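Take a look at these structures.
In the two complexes below, chain A is the common chain; its partner is chain B in one and chain C in the other.
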Partner chain A sequence: MTIGPEGHLPANTDANDPIADTIATRERTGNVRRIVIYAGDYLNRLSGESIERECRRRLNDGADEIVVNFSRTEVVNSIGISILTGVIDAAAMANARVIFTEVNEYTAELFEMLGLTRHIELYCKKD
Partner chain B sequence: MGSKKLWVGDMALRIQDIKSTNIRQIAENRSKLIHAFGALADAGAEIADENNFQDTIRTSLHLLLGSLGIMRGGVARYSRFESEMAMIAIRGLGEDFPLALGLCYEDERQFRQSGTYPIEVSQAKVLPFFQVYDQSLDNAKIDLVVPLVIRGELLGLVFLGEKASGEPYNSHDREIIRAMSRHIGVAISQRLILAELERKAEENRKLYDEMRLTYKDTVRAFAAAIDSKDKYTEGHCVRVGKYTEIIASELGWGNEEVEGAAVAGYLHDVGKLTVERKIINAPYRINAKESRELNRHPSVGYEILLPIHHPYSDVPLAAKYHHERLDGRGYPEGLYDCEIPYIAKIVNLADSFDAMTTDRPYKRRRPAAEVIEDLSRNAGKQFAPELVGALFRGILREAIGDDTDKRFRRLLGREYMETEGLVPMIKSALNNLGGIQTVSVISLG
Partner chain C sequence: MAVAGRKNTLSRCASDGEFIGRERLFAELITHSTEGQGGIALLAEPGGGATELLFQIFDTLFSGGGNTVPVYFSFRHSGAADELAGRFVRAMINQTIAFRNSSAKLLRAGISVEEAIKLAPAGDEPLLRCLWKYHRPQFKLRGPLSDQRSAFSLLSRAFEAAARAEAAGLDFTLLLDDVHLAARGFGYAAFQCLVESLNFGGVRYIMTGYRRFLYNAVNVPFRPVSRLGFREATQATGSIAGRLGIHLPDDVRDLVAERLRADLPLIEAYFRDASDRTTAIKDFRNAEQHYLRQIFGGRSAKIIDERMSYAVDSEREIRAVLTIANKLGDDPSCRIPIDSFARDFGLKTKRAQRLFARMNEIEFLNCGFGRISIPAGDSPQKDRLRIRYKLEIGSENRALLFGKTLLTRLKEAPHLMERRYRATHCLSLVDLLKMFSGRRAVPAALLDYGKFAAEFRGVPDSEIIGDLQNGPLISVPMIVFATATENIYPPISNSLLREMSAVGFGLVNSDDGSSRDEIWLVAEIGSKLEVGRNEAEFWCDRLEMAAIMSGFPTYRIWLISPEGFDDEALASLALRGAIGSSRRQANLLWRFLAGEFKTPEAEDNFEEFEITIPMEDNAELIAAGIAEELAKRHNFDAKSINQIKTALIEAFINAAEHSFSPDRRVHQRFRVNDREFRAVISNRGIRLSDARSQAKGGHSRRRGWGLELMRRLMDEVTIEETDDGTRIRMTKFAARPA
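Moving on to the complex of A and B:
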């Protein structure tokens, strides 16, 4: 799978909203409502909980696919893993798919090692 | 022979497989350990930092779950008083998970005995806790419960769900969980110690406030007792205390220092308790012998006050030196300007100001204009000029309405403070006192 236009930051962002440039919702053909999350470094701090909250909110609003884009994420630490398992858990409850994209090799190994890949589709960064 | 060769070849291939599998496992285990150590280091740093307790616990729970890829979990803090575990951090346990879980004596004993060893929920059904909360733990898919035991004291529990890998917890996982849980336990322990310290500090603060109030009341009562000896100067010590307080606050002193200055003012004449009443109340100018007797009161006051442990150290010195003058013509020691303790200079001014503005047995109180003129003239001789300036500023601020406390009005009377031309008189006196006071007049506009 290739990631397409949702791999870019949304044009309409609000500087006052800390996660406005992190999450974008886009309609895709076939009536699939997709959430795109740009993980960044945000994921590795307690403030990353807001990503999970926002995902839950949008899943409640009917989203059925979550794409987490790691293009700007060098490392995922344990807090990041915990937040991602929260996202996975929330998606599972809503019967939504979770896709991790543009993951670097090291992070991909980590996800594999911790078993996150059992619950998601993973697409690595192209060198 | 050929089949034997094949068998040997199979064996070689299988050994090769085992070797490469082992190498893969070793590499994976090493990666897992590195990831877990990272989490452990982060947890240590989180607890060592001065963070909000709730944030520390939430972060620690994230780190614990993330270190092993655990899907859900929670941390509860134990209250022995209420025999209850209160949830302080939850991840993915569902809305129905109880926020407070009761414990019986046997539960507590068993948890304490377990130390920080993770208890497998499926194998702990004999404990009342697991029987009571069987359904909740089952619904939340909790696999492990880790008692948080620090120095033999049960502080809480950690609840852990299944791993994202679906694999059972192995001995390495359990060691990592123990280490991370100890960190969480230490954080809770620190919080309890801090809460206890804060409670004791609050108790001490209240006790100190009460003692200070008692001390102030005692000082005021003492001042009233001194004043009662002299029917003509009734309220003198109390007024001197208040004037001293005003001057000190006009000098910009802090609350503690102002309070100390007031006490020094209240008690400055305590030595008069030993002077015969007829000398104090003499309606005539006293003779030399009587004067010697009266002039002993500063030193006697010092002797009385010295053994008392005052919260403010200068109180006895104020009593001893409040009749000294800058020009060295005061008593008991005839000290000069910088030899005189500062608090004694303030009390001296407050004492003189009260003497001038109240009726005495042998003379009426003097009008405001005369008092201002007298104080100005003696600034630099008897009184420190900056103190006279501070007193004048206090009067001026009240006269022009900047100070709504109306303290001078209560002490001197309304008519006195409404003396015609009082404001220009004081402004002029302040200007004449020198640079510092002139600046203050400008600022008062």
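Moving on to the complex of A and C:
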């Protein structure tokens, strides 16, 4: 599966921004309307809700595929993860796919532990 | 106990070595007497030797070469208020002068205050003259109860002498003996007023009085002075006998100590009478015969009757006490309501309540919640009451009663000692259970005899200790109160000695961090071989009955036998959720709980950090960062470090999210070495389990993930409820190379 340019931060992103700074890029591959959201370095309540809000807005706009990019994410907490379940629910209601990309191995283990991986596609970071 | 350089002035002990036990308390009291401030109350068990303790303090200060003047004053033989007031001021003055002149003779010289003041050093004379002039009683009372207000005024004035001396800079310590007699003689209000005047005046003092009186009567730090333990009591008995020139074999010495229940004044009286009558105490027959003589009317009987006079005011009250003691018999579970007894006996209720409250203070009877009972076990007091009842109310023939009682006593004596020896060698189960107060888990092999026998039979202790470090653990409750089973279920005494069964009231953590009650009932049972199924079930039934009759909802039975239990017995215990251990396991458990198994290396290598972080946005990352640094320094692998960080973040979030903490702080303690990372995260506020129970029903999908993550990421996680918050303990063991 080709994820495309969402694997990299868009040029207008400040990589040092400490909060989740949900940055979304939008692209169309074939007939799929894909939205790519970049999570911040710490996935907590604030950044999780920011991602959730952005996802819901894009799903309302007709996105078919939500890609959450965790390339910058080093630490996650259970509240942040639990909010992602809201994203998954909303996507399921809209018949959209959810893909988590560039997830570090430790975060992937947490997603696995809490059962998120049953509902999403997950791609880990390449070392 | 030896006190270097001390000469006897008041002490009855012939030599320093004769004062036995209480080393730590004595040292503390000496320090208080010379450097301390304010008062200390010694809560004395009647007959425990508190007076001699004060004498020892007095003698040490008197001849120790220091500057502190010891002033001893006893409320015994108080007489009228004016006599007592005069005696107190005289004691202050004369003892100060005796101390300044280093003359013990002056204490006993019987000279007048005016003569004594002439011997005072020039520096002290004005103060001492002033004390006598302004604080001695200015008038005489006609009788102790004739004029309460005048008595009160005299006593207050006299005791203000101490405050005045303190204000004038005299360095002294008051040693007040038998203070319960002050309340008895002049009323509780007068006693309170005396104590307040000492406290208000900043006077340094040590007071002793009956513990059941003093406990609620004064608001100063207190220390208990109980009777000596059996071993020390036998030493004291031998020592007193030796001082009075009586030589007795060890077994007889032990019998006397046990029969007189380590009551030192009674032991002294026993041997003094024997010495006066030149009675040889060579064997059990002599000892018992002399004991009965004492109880029928010797010096010991006089002491017991004197103690009883603290409680009774009239012949009618004496008869009431003797009658009720006889009704109660030997059954400590029997409780007679004061009201109904007073009605039957024709005593006014208030008078009966006062009478039995005082009988409770001298510990002849127990009195509480309007009911009277008799203390468990034999005692000279009980014997005296019984004999007096039979002679004075039953009008029995004295010689016949003596002969019959002596025969019974002689038959009983070996059994009395057998019970004592058994009790001395048993495990002290109450103390063992109390040691569970800070533990939540212990090595399973220390409790479960099946595991122990399979792994450690025949293995030396030193090897077992090493192996236990890595063995599986078993949860134990945090015991908050432990007592002899006999105290909650007296019939157990028909099957087991008091010391051989105990009950511990504990709390155990549920999986969600909340606490629930769990009561442990433990018994030490005798057996030469591994206990079989029938015997194990017999003892389980006994303890189960105690649990049911006491209304324990959840309880656990724990049996300890010298040689453990056979397989059938263990299977039977397992069916009841009971535990079976051997005596050796219990001894090892004791050592484990006392901290003996911690190897010095393991302790020394720990790095320890404490940090308190405010509950602010993203503050959890600070804790995680510190933990990461610590773990890196001890070579934890990256995965473990990440797991520790995440678990810590979750613990922090739990505290911040749910606690409504009043101080908004999270306290974290890390102990790290190359093998393990231990973290304790605690906070004040609503406890985690309470917060979870209130949150039930909403957002269920998002609840509980934090705890789940902590448990899965760390190797050990314990959630504890503290008095006012939550404490989470977590341990991560370093990954070992494959």
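In this text, the second predicted complex is superposed on the first by the 106 of 127 C-alpha atoms of A that agree within 3 Å, B and C clash if a C-alpha of one lies under 4 Å from a C-alpha of the other, contacts with A are read in each partner's own complex, and residues count from 1 in each chain.
Definition applied: a residue touches a chain if its C-beta (ideal position, glycine included) is under 8 Å from a C-beta of that chain, and two chains touch if they have at least 3 such contacts.
Given the structure is predicted, the values throughout are model-derived calculations rather than measurements.
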* To do: Return fit or clash for chain B versus chain C, each positioned on chain A through the superposition.
  => clash
* Partner chain in contact with A:Tyr42 - chain B first, chain C second, else both or neither -> second
* Asked: Of the partners chain B and chain C, which touch A:Ile79 in the superposed model: first, second, both, neither?
  -> both
* **Which of chain B and chain C A:Leu110 touches, first, second, both or neither** => both
* **Partner chain in contact with A:Ile88 - chain B first, chain C second, else both or neither** => first
* Asked: Where on chain A do chain B and chain C both make contact?
  -> 46, 77-79, 81-83, 85, 110, 113-114
* Structure fact -> Within their complex, chain B touches chain A through residues 28, 31-32, 35, 38-39, 42, 55, 58-59, 61-72, 91-92, 163-167
* Residue numbers on chain A that touch chain B, as the complex places them -> 46, 49, 77-83, 85-86, 88-89, 109-110, 113-116, 118-119
* State the interface residues of chain A toward chain C in the complex, per the touch definition above. => 42, 44, 46, 75-79, 81-83, 85, 105-106, 110, 113-114
* To do: Spell out the residues on chain C that touch chain A in their complex, using ranges where they run on.
  => 617-618, 620-621, 624, 639, 642-643, 645-646, 649-650, 653, 657, 701-702, 705-706, 708-709, 712
